[in-house]
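Questions regarding the structure given below will be posed in turn.
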């Protein structure tokens, strides 16, 4: 079943396994006339790339992208844009000995049962490496959105039990601050705490979960199509398609369950030509359509499944197996960190699609 | 933009406004040969219908369904099944005086800005009344799933600050217990507390949020298609397309953010012919594909936006307006209650679609 | 498999069997703000309705449509438009005795083999009655296209061996002339010949094929999306989804196979602000995108399969059966006649969809 | 608008321009467990490649494919298969001088008007070079179909006024005979005549059209989904999405217009366990669903638009331009020849998709 595409008008299709020849993405439906350069795509990929600092996986993938099609004389032509990223530092030898083990928290068991086979090298298609393709495509979507005046950023809000302390106010250079932090948390004190926590985790062979928030500003009113293409439904689908994501919420989210109507209702007021709301528990949409207020949503990520501590599980023959990855294995102690640019990318893809869909709403 | 369809192989398209002539649904892609009767569909609709007890909206809609097509001699034929539900108790007179007011928490502002017009009568297309169509279609999907051995149920887990006390263990008659409760909470003591809380809320002109859980049992391994049609991504999209939903989580959900890898990893063991996991923090999927363990996910609903307490908002001309619905207005004090059969229906639609998609996974 | 929808942005979903309670269509994605009345839809349906004159089926279906949703205060709202047409003159008794016979040229054999069952009454879902829904939806699409300055018409060009004599030049009232003819042929002399031929056919218990041409004028340049959504590919799909259609061609069509390049190439010239071509063998598209020249395509229809002459076929048990429909059975001697408004409707649906798709081509 | 994908369950997405870095295709939804090798794909590509003999374009593209993903240990894994074909012999210098000319029969005018820009080098995305990607994907689809017992072939039936003389009877080595002919015509005498005709055409600077027939054998009964995914509708869409195609017909095709019902109706008879028809005017489908009889359809191709004879056209500024390609320019005198493997590939893609769709028809 074809299931590697996302979006309706601005649609991506990704391909490639973690240890195959290359991974890549085809972006179909990007409007013609958009200025885009390889540098801009590469810059986005660099933020997600592993091995940047001690807090992420040491795999040495440069993630060097190449644009194969769809861009001519520096601009998109309306033709599909294929971006390809060769795999350079794949080391499959470590996967051969453990290929018969049902790895806890991993997808090898379910893939094998579904397809009758599994490319076990580096997790094959189930690897989070696939998200590099989303980031490359997201960079194009971001460029399109910026041409329409929309701005946005994601950041790490919680890492394990460490929560970002200050509330994030929108600031001119917020995105710069986020990506200056090794853990993509714009608050310096919180970032430092998170980093200490991570070093301790690595030492102990453990991993932790985290929370990523996406904020979108200057979104026009009217994006999102009732009833099954509501903006939050598309965002939820986008975020829950990410490896390791366990939850999605918008605006008040799960806190809404214990609020009262008069607390939660955001009352409208007129602000010059704009209509705004005093509070924003809605989180930027009503009835699945953007209100013009900032959009804010959050994605919960589980702790990395690859840990070096011993676990007792079984193999495909049903035999109990004691199993641990060797110390120094290449994995992220917290997948939520490198998920930050990915959440941002998925947000961009949803918004680009929604913005184009909205062009057909009226006569 | 066509956006009123849900699903790929087992696909529904809904239509109709709250106060129009009728609402309805076309189910396309239901396999031929499935026994289904109007009674079964009606029974599902009755659970969602308003006016059943003091805890829901007093609108007197019988929601009397009619099957127009696709069923012959008691069985589906493979042709599209159209089910129609006429609107009988629509009273639009109350909406005329407030049609120029930007109602807090409602979608009239965003619809109007998007489309340049709005059928304000009863909320038009943005009304939760649309969900009756999902329930009707869900009853057909449920029948299909039962023919494949899959069972499932949803229930109210939290109403405002009242949480269900006992943990829900799977029991033979769990679904019976749920629907015996006026608030769809299978624990009698908790149900009673919730009902008291609701009566107090109604008295005070307020509303509250709530939390609905969906549990699926006996799901085969292998459902869900990587990477953008992951089972949890489809469920998230389904649930976040519901009116008033603010969050979705699966398994450990948002709690996962502060867990460690060794805590969260569900270890496998062999149980006769089956493979199972000791814990189930995953919530029934790995890599977006069902594991065969019970699937559990939760949906957060905001408090009903329609309250009788006064609110200060503005109208389309930007003038401040003091506004309250009259006491006794027809609304639910907590939308999460009647959302229970709707969450169940959306779960059924996702699973039916996923199960059919899985038929194409292998040679 | 969901397969009863057509179109991407302007999408229809049809439902209903020939002898069920009703047939109908949901139009999803029609832009908001379009003026449309039931009368306009009914007028289109009346052209396709049977029993209008001696040259079509005597079934007395008034095809009285009702709009259930999506129109408010005389205009579309952006919500799905459901139009329903109850079946009034269904007489299933004639189908009971022949339900075990594999009817030559009919779909009962293939439906039964595919689905394991068949609603044999009046051909069930395989009946050409389904095309009434296309006509109803086409009337809405037509209204949208007219608001964008596009005009078009279909007509009967050949009926059996009778070809329309004069070449059709575009004329102000061409559509009026077409629908004044009982066989939808705008040339009076040809129309008369066709009618004589039909009366002879009816007498002899026979049927014949026919050819329908669609012409579209004032189409903007740029409609159609390469490479798999080329305008002619969408038109071909639309027309070949019609019952009894056996071929589709655009512009030069099958004649192109024996032409030379310098004959076939339409040379461009500048005509004020417009670019035109001297000839129009292309038929209105190049590279799958409209050129701004008139679009012309043709659809070949086979002779009606229901004839009153005896045929020797077999039943589901494999026994040879001699079989003829009684004289006076309700069928069209030539399905191509009533196909004229259907071809027009399908053309309108394709163009409406394509026109909306084109809104997303550029930045 | 995303428009570079074809198929629903077995879906391809192509990318790349004629003179860009590479062209390629992503095949999504191919069932897991299918044996496929690069050699098999390359063999298919070699049949379509230019420069094989004097009757096709002299462009020296080896069309050397590479499989980037989706195949592991010689078998498909269910993950998307990306096949890439670098462009090696692109010579864009010839296109620079003529980039402002509206080339008769070409798509540069319509692309430029639609997108506001055009990658003119070698026709960019509008080039027939894109069809190499269809052939690569078709080779995979073919392998899948063969595993299900389906066999098929296409061949050149008419080249200009030269028609194949003998009727094609199904023979064991028919496909071998076809591909032994330099013009893909299995009848040796006809093939020779066509070749002579082509040499004369080349000499005179002209081109011609042609007709390609597709035959499919051993197709199971039941493929094709009513009503908008009828098998012939999907085939028509597939074939009319090919560059230069002007018409499609199935079975009796355009001849049906002048046949009578008793002539055209194919009568059924029982042949052991099978049901067959004496004649096969239907061409293999009834009601859009395969009958089990051989499927036969034809595609009409216009003459190649690139000719070396002078033409008078205009440029984007509206000035009249006299224009001819230099003698010896790289083009095919008849595009229908190299279209043969492409028609075969499109047939394979449609049938693979339809076959998988059919798995969901029944309970």
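When the chains are written out, they are named A, B, C and D in that same order, and each has its own residue count from 1.
Please note the rule applied: contacts are C-beta pairs under 8 Å (C-beta built on N, C-alpha and C of every residue); 3 or more make two chains touch, one makes a residue touch a chain.
These figures come from a predicted structure and were not determined experimentally.
**Student:** For the interfaces B-C and C-D, which has the higher count of C-beta pairs in contact?
**Tutor:** Of B-C and C-D, more C-beta pairs in contact link C-D.
**Student:** Please identify the chain with the largest separation between its CA centroid and the CA centroid of chain B.
**Tutor:** Taking each chain's C-alpha mean as its centre, the farthest from chain B is D.
**Student:** Can you give the whole-Å distance between the Cα centres of chain A and chain C?
**Tutor:** Chain centres of chain A and chain C, defined by C-alpha means, are spaced 46 Å apart.
**Student:** Based only on mean CA positions, could you tell me how far chain B sits from chain C in angstrom?
**Tutor:** Whole-Å distance between the two chain centres: 39.
**Student:** Let me have the rounded angstrom distance from the C-alpha centre of chain C over to the C-alpha centre of chain D, please.
**Tutor:** Comparing mean C-alpha positions, chain D is 27 Å from chain C.
**Student:** Could you tell me which residues belong to chain A and also touch two or more other chains?
**Tutor:** Each of 1, 3-5, 8-9, 14, 29, 32-33, 78-79, 111, 114-116, 125, 226, 360-362 in chain A touches at least two other chains.
**Student:** So in the complex, which bits of chain A are touching chain D?
**Tutor:** Its residues touching chain D are 1-5, 7-11, 13-17, 20-24, 26, 28-29, 32-33, 66-70, 72-73, 75, 77-82, 84, 111, 114-119, 124-125.
**Student:** For chain A, which residues count as touching chain C in their complex?
**Tutor:** Interface residues on the chain A side: 8-9, 29, 31-34, 78-79, 144, 147, 226, 356, 359-363.
**Student:** Quick one: in the complex, what on chain D touches chain C?
**Tutor:** 1, 3-6, 8, 14, 102, 104-107, 109-111, 113-116, 125-126, 130, 158, 160-161, 201, 206-211, 221-222, 224-230, 232-241, 243, 245-254, 256-270, 275, 277, 281-283, 285-291, 300-307, 309, 311-314, 318-320, 336, 357-358, 360-362
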